[in-house]
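Order of writing sets the chain letters: A, B, C and D. Residues in each chain are counted from 1.
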């Protein structure tokens, strides 16, 4: 089987997804064969360069036309959030399978519309919460599913970055609610909400507070003209899970020195887990089955062949993987599911569930109350 | 100057405070000379043994009589929480200086009454939040006060233990609201609230959720008879600080593998700090003043002479201190303030402020709303 | 400029180098354009599969013929050690530029012959000690070259693995002195010797001991027939450097739980550095320039744009890299040097110097004396 | 039973041993009762102050007279190394039990003479290698004795400090071979040699190199007059053990940023261990019995009641201990052995064995050969 791909977006995510499509057949030879047909961007010159550099056969600036090309099976959307809705709707209309960057929409309404559209169209859909497929995280899921944590009491997660702390940093699309939907919440918070859903259970209720520490920013670098920041720089949440666990979640762009610190800890009746994306090959696990005298958090280097998810496809034991490999794993699993017809998550339904939490968090931050996720 | 001490309580805290009084003059020869006059307990035999082992001149079971002895200057209360109020009131009446274990009271009303009593009596008072005087924490305070963190955006803290996880563990005073006031909240949460006040700012508003995972416990070990647990096993909080910072705080006795994990991280505009009581000699500090190419959290071993708080009084550089030393430092600082008439914190006013937060947290957990700390 | 490459070897290293050639133009668009012409292996079927999977235009089993093809500029040798010598000599004869896996030869004589051959042929040569181009290691070099460590007193390194510990593991080429030259010494020790040369100075004198813990192994998996292991499982060394520093080096395949633990620490008069390949994005650095009260090893996450080597070519700050990226960096730097005519290291002269140390280590282990590196 | 103690030396070790004698009966009530009779120093005023501060009944400057006092059972020698020999010989003559600081002597001859003297006198003797009784180290020993490491292949240890790096630091007794015997070797190296003997096996053969980086130092602080440093600043060793294991050992006072970094790693066929004195409550242990998918070094917090050595005598689980507690444990174990007549190590025989290694290391550093330990 061969899958012909069109990718929309040439920047950070466009590059990361491209690398996944380039690499998947080399490391996962059983996956369907990828044909990298066309990359779509706004600027003709830049898009052509991206096509050359990343290995796409063609470059295009006409996104709508590409959506309807007959030689395309799969559409991958890596644009800012405000483009997800129109593109997904068009792709569904064209009966293409869809990969979309997270969060699914900029609003709950958009997310509901997109989830409905793909369902009605009968196409396959996948939301790129790539961190589920960091091997250490996939291993965490395995341990939990096998009951090795027992009943879960606590899920605590934080996603900390610091790139937005300078007041001199200019207005970007990520600071504009119309383009990005929200700030740290949607960008970072949606990732840890996805991990909470994946590893713990559905979030049923939330309380929160949000802050915007820098209220306006230069319109362009160095300019005197200021534009208002309309999203959150930081958000804190307490959450309740369907299984009775309590959670604390936090996402911020104002944690000096934390570059990509997406960290969680889970405490269960039989085991505990701890993870940090800045050392993404490690998973710390404590088991109540340990002999009493040697109980402790063990640091697993989650890349040993025959032991750890995806490891058989890469290098020798302990030869660690990087950030980008989570995209390769995601693309492999989605392509494989396309071929087999099997299930694959997170899909747009998972994305919609996530968006309901994002929605409830914003609501709770305004109401000053715990809000149900509905 | 010499200070004659009576100590109330023979168990964990009684032993820890005793070790502080035994040691303080050896390591802090400038401190007033301690006379360990009398230890008071309920069981005559056990109290006598404690007196012998810990080095008290006498043992007594008559707490009220001891309070009024003329040869006592300082009263130290290490009993369960329900005894703080009557003992403090009696000690104030007797015009004794008072050291008291935390939290100050089992209720806000008690705490207010105690704070008023010591104030009216004109005696000195000190609340044993000993973690302020772990050298790494004192160093953190110094860095903050010197402006090396800049404006603080985030304070996140967790105090995780796991000793209460077995359903076979019997009913203890710590599980009884009448005796303990609250569970993880007062026992552990009050410590991190104190650190939040010490290191960040006043907490002005809280949201929270509490859980009791094991609802009843054997009346005595192994018994079929069960008694209801009337306190929380775990509590999660979002908080707002007077300085605009956002906080997440969590205290639990159900975090498998975490023994005494009292950890905080603070993110400011110029620096970040991270600490964990399980490695209490370390403080991790990141400074925006670092050269760009070597920015990173540096692990300070906070026991070098001439560099770190209290270090001149102990061993050679890097020869680490333990849990108990925080009590010795606390006792030294309080005794020194007694002699000099200088200020010393945390006192009962700090304890009252802490209790107001505990009160608001319980209220918020019932109301489902953010609650003001008043 | 375009460089036409032939690669020899289809296994672990063949795959790793292939990934580098596939990726270099995407992430380093300024590098000469790579044409992946042909991959050469012993098994026709397997080689064809490798060509398809890795992206080589052709597969071949005739290594000598490929060496002389006119449409090849660069030859990359990823075979077991016993093939380096004949292949390098042939490639030099054919006036091809050469990349070769480490160590350069199986014996000092081979290494001398190869170094002489490339020098006489006037071709460019590069030895794949890829760890020099792990960004954290390149950063270490930069700090040292800028004088931020001052005079170096100590270099200690260990390369620990555990894959050879099972007596049931069969005889492999890596256990056969005729094929591999040596065991842990050449495989792992040569890497840390290269880092010692790169980061500290020339090794002038060595003392050592070697051990073979498992003396014979099954001829094939599960077989009763045994074959003698003729290489070392482990080697320990004390070394002296030209700059007066003292070193301890150790390489072993018998360190249970250590998968790819290539770790070093360097202590100088102004700074210290510590690194571990199992967390290859981190470099720990302590500077005597730190303020006294916050001196400590800081953990640098060595992948921030504008701050760290190679980082501008990859993802966002703190989005970590993996093992394979060191090959991409190596290939980029060699290709760039080809284009510019500039210097690039490690070359075969560096490889020869390394081999002299390997030779002295084996000699010292037999003589029981310190031996000069000559 | 009661033991009447005289202690010789008032400085760092005198204070540390004093604290042990002060504390042992409080935390180990089963131990014989200590009577702190007299402390002996050179300066009358200073010795009196020490007596007061540390809790000794008397102060004396007449060491020889005190040795022969009838009311003394146990003599504890905390002086510089050159005083060990005359004091031990006198104490043995007086039939006192003896605790002595390490290393036993300044020369092999002295150590042999002292070991013979105590043996002939029939008194009990103990060498204060206190690190054996850091609970995590005692736990390591237990795991090894129970076979949980299997056959040991590797022992690597380093003891790194940095206090001697400033050329302005004046001449101290520790820099004078006549007073100290050797430098980093005897001061730090003897500790890791003791741990090697304790945890691995007898060292049978050594190779080494020593360096003195600063050859002369100010006679007194700030003075122009210089005195020659006659000891080593650093020493590196390769060693062979009786059980076939290979070792690397290193001791230095020139490892910038390392304050008290006494660290070892042991690799066996069934398990590996790692320890660092700067976090002395932790022991890292990897077991081959772990499930394959969760194998990893687990970080044990070695202070949980019912699980770890000495923990029952201290605070609650995870309430960590410090440097000084190792002395309290040592004193308890020696006093207990005095009372019971049972064995206790390390004694002077262990000290003599250690001294033979020190001797062989110095010899090897001069000869440039591997030297037998005889």
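The working rule: contacts are C-beta pairs under 8 Å (C-beta built on N, C-alpha and C of every residue); 3 or more make two chains touch, one makes a residue touch a chain.
The structure presented is a predicted model; accordingly, all values stated were derived computationally and were not measured.
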Completion exercise
More contacting C-beta pairs: B-C or A-C? The answer is A-C
Exercise for the section: State the chain with the largest centre-to-centre distance from chain A, centres being mean CA positions. Expected result: D
Fill in the blank from the handout: Rounded to the nearest Å, the gap separating the Cα centres of chain B and chain C is 54
Problem - Centre-of-Cα separation between chain D and chain C, whole angstrom - result: 41
Exercise for the section: Report the inter-chain centroid distance for chain A and chain C in whole angstrom, where each centroid is the mean of the CA atoms. Expected result: 35
Completion exercise
Shared-interface residues of chain A (touching two or more other chains) are 258, 286, 295-297, 301, 304
Problem - Complex interface listing, chain C residues touching chain A - result: 12, 16, 18-19, 22-23, 25-26, 29, 49, 53-55, 161, 163, 258-261, 277-282, 301, 303-304, 315-325
Completion exercise
Seen from chain A, its contact residues with chain B in the complex are 153-154, 156, 158, 160, 162, 165, 207-209, 211, 213, 234, 236-238, 240, 244, 246-248, 250, 252, 254-258, 265, 267-272, 286, 288, 295-297, 368-370
Fill in the blank from the handout: Interface with chain A, chain D side, in the complex: residues 139, 142-143, 284-287, 290, 292-301, 304, 306-308
